[in-house]
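Before any comments, here is the structure.
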C-alpha cells in the first residue's frame, strides 16, 4: 500500500473555506432578486458584468503573482456582487467594472491574494469610483419602474435619502415604505428585511459573528438618538439614519468580511465601535454620500493596532494566571 | 483548583465524533508475537505489608511503564514518598476518536485493575480512590459499569483535548495512574511477571474488524494490520491516535512502544487539493484549549519571527491539533508550531550543550 | 554564480547609479510630496524638475566652501545653512517660472518652495560631503535625473488619466476621465505601483539574463508549474531541507545577486 | 472656541499633513524602527512648529504687502525656523543634556522637514486663519495629525511584512499603497478639491 506522509491530525472537520466564501455569495443573491424586482433586468446585467470583471481580474493577478490558479475561491464573486449592489441601478456599465478592477488589482494583488489583503476590496473600489465618477452615482432611479437595458436621458433620476439628509432636509418616507424599502437608493441596500434574513442565514452558517453588526448598529443608533434634527424624535432619527445611507448593507456584508476583521472577539467589538464612530463623523462633517463605505476603509487600517492591543491583554492575562508547565 | 483551569475547562476544545464502537465492546484478545521474557520480578508474599517503597521496588523490577506519557511507574510513585496523597484516580479517559485502549482493559480485566488500585490505596492511604472514564461516548453497544468492585467509576466530561486538562483540574495532591499500568502492577504482584505487553486499539474506517489487542512490546505494525485485516488501502496509516499520531511510512519497521495507544488506518473520502490561505474565520481561536491565537502564530512563524512567536505563547502549545482539525482551509497549524518549537528550542540546546542530553 | 564584471547590465546600472539602481524617490522613498501630490500634469512636472535642479545642485556643491568660512563652534549649523543656501537659489527660479507660466505656479502652490527642506536635499548633502566637486556634481546630476524621470512619468500618467491631455493638447482615445487621480491617495498608489514596476523590471532582466546563460528548462518548468501547482500535491511546508532547495532555485538566486553585487536595496524582508 | 476645535480637527483629519498633502519627513525607514523614538521625534517637531508659528504669524503680518511676496515668504519662514532651531539647540544643550544626546542628531530633521515649513507656508496662505489663536491651533493640529499618521503607518509595518506579497511589492511599494488607500479613505471628509 502506498504510504504518504502527512502531519497529524488525520481526521478533519468537513467544513471547507471555499464553501465558507460561497456562503457569503449565496447570502448576496436575495438582494439581487429585490433589485431585479424594483429595477428590472438591468440590475442583473450590471451585477453579472461586475462579477465577471472581478473574477477575471483575480485569476490574472493570481497567475501573475505565481500563486497558481485557484478557481474555487469565491471571494472575487463576493466583491463583485457587493460593488454592484451599492451602485444605483441606472449606472453606466463601465463604472462598476472599473471599481471591480481597482478592487482586485490595487487592493488584493499587491498584498498577495485572498487571505492577505489588509483593506476591504469592495470598499476601496467604491471609494475610488465615488471619487472619480461621483456625480453619476449621486442620483438614483425611481423604484418599481423597470429600466431599459441602455440608460438614456428619458429615465427620471431623483435624489436618494442620503443626499436629502446631507442637505438637512428630512426624507419624507412613510413607515410602510421604509419597511418595504421601495424608496430611491442604491440597488440592493434599500430593503432592510431581505438583508436581515440574509444576516440570519449567515449567522446559522457560523460565517459571521453576531456581535459585530450588533455593536455597529447599536453605537450608530446611540449617536443618531443623541444628535438629530430639531423636528425629528430620537426614534425616528435612528430609523432614518439606519435606512438612509446603505448602513444596514455595509454592517451585514462588508463589516463582517472575515479577512479584514481583527482576530480576537474583543478586537472585533473595538473594530465595530470605531467603524460606527467614524461613520457618524463622516456623515456629519464629510462631503461624500456613502459615508459608511469610506469609514469602513479607514477602520480597516486600525485592525493590526487592535490585534496588537488585544493580544497584549491576553499575554498579560496568561502570565497572571500562571503558566501551566506540563 | 486555580482560576486558570476552570476558565479554560468547559468552553474551549472540539466536539469530536468518537466512533469508538466496534473496538470498545469487543473483548480483549491476546496477540503475543514472541514468548514471554524469562526474567521475573519478586512477587508479593501472602502476609507481607504493602508499603510504597515495596511497590516502587516491584514496579522497578517489573519495569512497568505508565501508558499516559511513557514515564516509568516507579518514577511517578517516588514523587509521592514525601507528599501527602489526598486521592488516587485510575485514568481510563480515552478522549480521542477510535481509541479505547484504556477503557476496554478496565472493563475486561477489571479484577486486575481493582487489585492494583487496592495495592496503591493500602500503600498511600488516600481519602478516596476511583476510576475515571470519558463521559461523551455515545452509541455504545456495551454499558460502562458505574462501580468496579468497591471503587466508583467517575465520568468526566469536556471537549476534545480534555485528558491533560482533566488531570490538571483535579489538583496537584491527586495521584493519577493509567489503568493498564495498574493491571501490570497487579500481575507483577500476583505472579511476578515483568511487563512485556501493552494494550493497543487497531481501528479506522479501513480496518476489517477493529479490536483492542494485548500486544507484546516491539511487534511491527504490519503484523497487527494483517491480524485485523484491511478492507481498502488507507490514505493515512498512523501509530498513536488519529489526532496526535505519527504517520507510518514503512509498516514493517515501526514497532509498538509501551505508550502507543492505537494504530489508525483512515481513508480520506475526497482528496483535498483545493488549498486556500487563511481567511481569518477565527474558528481555531475558539477551539484552542490554551487560549492561544493559532492564526497569528502561523503567520509569524511562516515569516520566521522567533521573538514575536515566543511572545504570542508558542511554548504554551500542548500539540493537541484541535486547531488543525477545525481549520477549513486545511492549514497545518499545529504541525508548523510544533516543528518550529523543536527547531528553535533545539537550536538553543546546541548552543548550550550536546544535543542528545535533551 | 556571480555575474561577470563586464556584464552590460551591471555596468549600465553602476554607470547610472542614481537613476535606475537607487532611485531617490522609488527605492529610497525621499521627496514623496513632489511626486505624489504636486505633479499633476507634464507642465507641473517640468516646473518642479527645474525647481529641483536649482535647489539641489548649487547648494550641495557650495556647502563645503561655505562651511569652511563658518567659525568652529557654529559648526552645528550645517543643516540650516544648507537649507538657506538652497532657498536663496530656489526662490528666484520660483519668480522666473512664475512669470513664464503663471498657471504652473498656482497649480503647484506651496510645494515649489518645499524643495529647500526636503529629505532629498539632506541625503544629497550627506552623499556629496567627502567627494571632490566633479564626482559630487556627477552624483547630483544622476540623482536629479532619477527624480526628474519619476516626476515626468507621474505627471504624464496623471495628466492622461485625469484630463486626457498631454501638455494641454487633448488626446482622442481617452474617453473616460478619472478626475480623482489628482488626489494624494491615488498619487501614493500610483507611486507604489511605479516602484513595484521598477523592481519587477529589474528582476525580470536579471532572471532572463540568468536563464539565457542557463538554458530554458527552468523557465519552462516555472511557467508549467503555475497551472497545475495546486492540482498535484498540496502546498508544501517549508522545513529545513526545503529551504535549502528553495535557496538554489533561480528565483532566489536573482534575489542574492541584487543584494550582493549591486548594493543594498530598501527591502525589509 | 468652536472654530478653534473646528480648525484643530480639520488640520488633524481632513487636511492631514501626511495623508492629504503627503509631506513626509526624511528617509521613512531610518527613524520609524520603534514608536517611542517616532513619538518623541513627532512631538519635538510639533513643538518647534508651534513656536515657529507664533513667530511666523508676526513675520507674515510684516511682509504681507510687499511686491515680491512669494520670494520673501519662503525665505522669511525658513529664517524663523532657523531661529527656533538654534534656540532649541541652546536650550536643550543647557537644560535637557541627556535628552540631547539621545535625540541630538534628529533635531535638525525634526526642525527642517516638509511638514514644518509646509504647514507654516500653508497657514500663511490660508485666508481664514486670521487670528493668532487659530494659526497656533492649526499648527498644533497639523503636528499632532502628522505624528498620528506616522504612528499608524508604523503599526501596519509588521502586518505588511508578514503577508506573502509578490516579491516585487515587498517593502516600500506596499507601504506606499497602504498609505494611498488610507488617504483614499480620508477623502470622504474633504471630497474632491485639490489641496493647495
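Letters A, B, C and D mark the chains as written, and numbering starts fresh at 1 in each.
In the analysis below, a contact is a pair of C-beta atoms (placed from the backbone, for glycine too) under 8 Å apart; a residue touches a chain by one contact, two chains touch by 3 or more.
Please read these numbers as outputs of a predicted model, since none were measured by experiment.
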{"item": "Chain pair showing more contacts of the two, A-C and C-D", "value": "C-D"}
{"item": "Centre-most chain [mean C-alpha coordinates]", "value": "A"}
{"item": "Geometric centre distance via CA averages, subunit C-subunit A, whole Å", "value": "37"}
{"item": "Where subunit B and subunit D are represented by their mean Cα positions, the distance between them in whole Å", "value": "62"}
{"item": "Approximate Å spacing (C-alpha centroids) for the pair subunit C, subunit D", "value": "23"}
{"item": "Per-residue overlap in subunit B, given as positions that touch at least 2 other chains", "value": "272, 274-275, 277, 302, 330, 332, 335"}
{"item": "Sequence positions of subunit A contacting 2 or more other chains", "value": "7, 66, 70, 106, 110, 113, 116, 128, 131, 307"}
{"item": "Residues of subunit C engaged with two or more neighbouring chains", "value": "179-180, 183, 185-186, 189, 192-193, 196, 230, 237"}
{"item": "Subunit A residues touching subunit C - in the complex, by the definition given at the top", "value": "7, 63, 66, 68-70, 94, 98, 106, 110, 128, 131-132"}
{"item": "Touching residues (chain side subunit B, partner subunit A) in the complex", "value": "2-4, 7, 14, 16, 97, 164, 168, 230, 233-238, 240, 242-251, 264, 266, 272, 274-283, 285, 290-291, 293, 295-296, 311-313, 316, 318, 321, 324-330, 332, 334-335"}
{"item": "Footprint of subunit B on subunit A - complex, ascending", "value": "1-13, 15-21, 70, 72-73, 75, 113-116, 206-207, 209, 258-261, 263-264, 307, 311, 314-315, 318, 321-324, 326"}
{"item": "Residues of subunit B touching subunit D in the complex", "value": "277, 299-300, 302-303, 305, 308"}
{"item": "Residues on subunit D engaged by subunit A in the complex (per definition of touch)", "value": "9, 14, 152, 155-156, 158-160, 163-166, 169, 173-174, 177-178, 181-182, 184-192"}
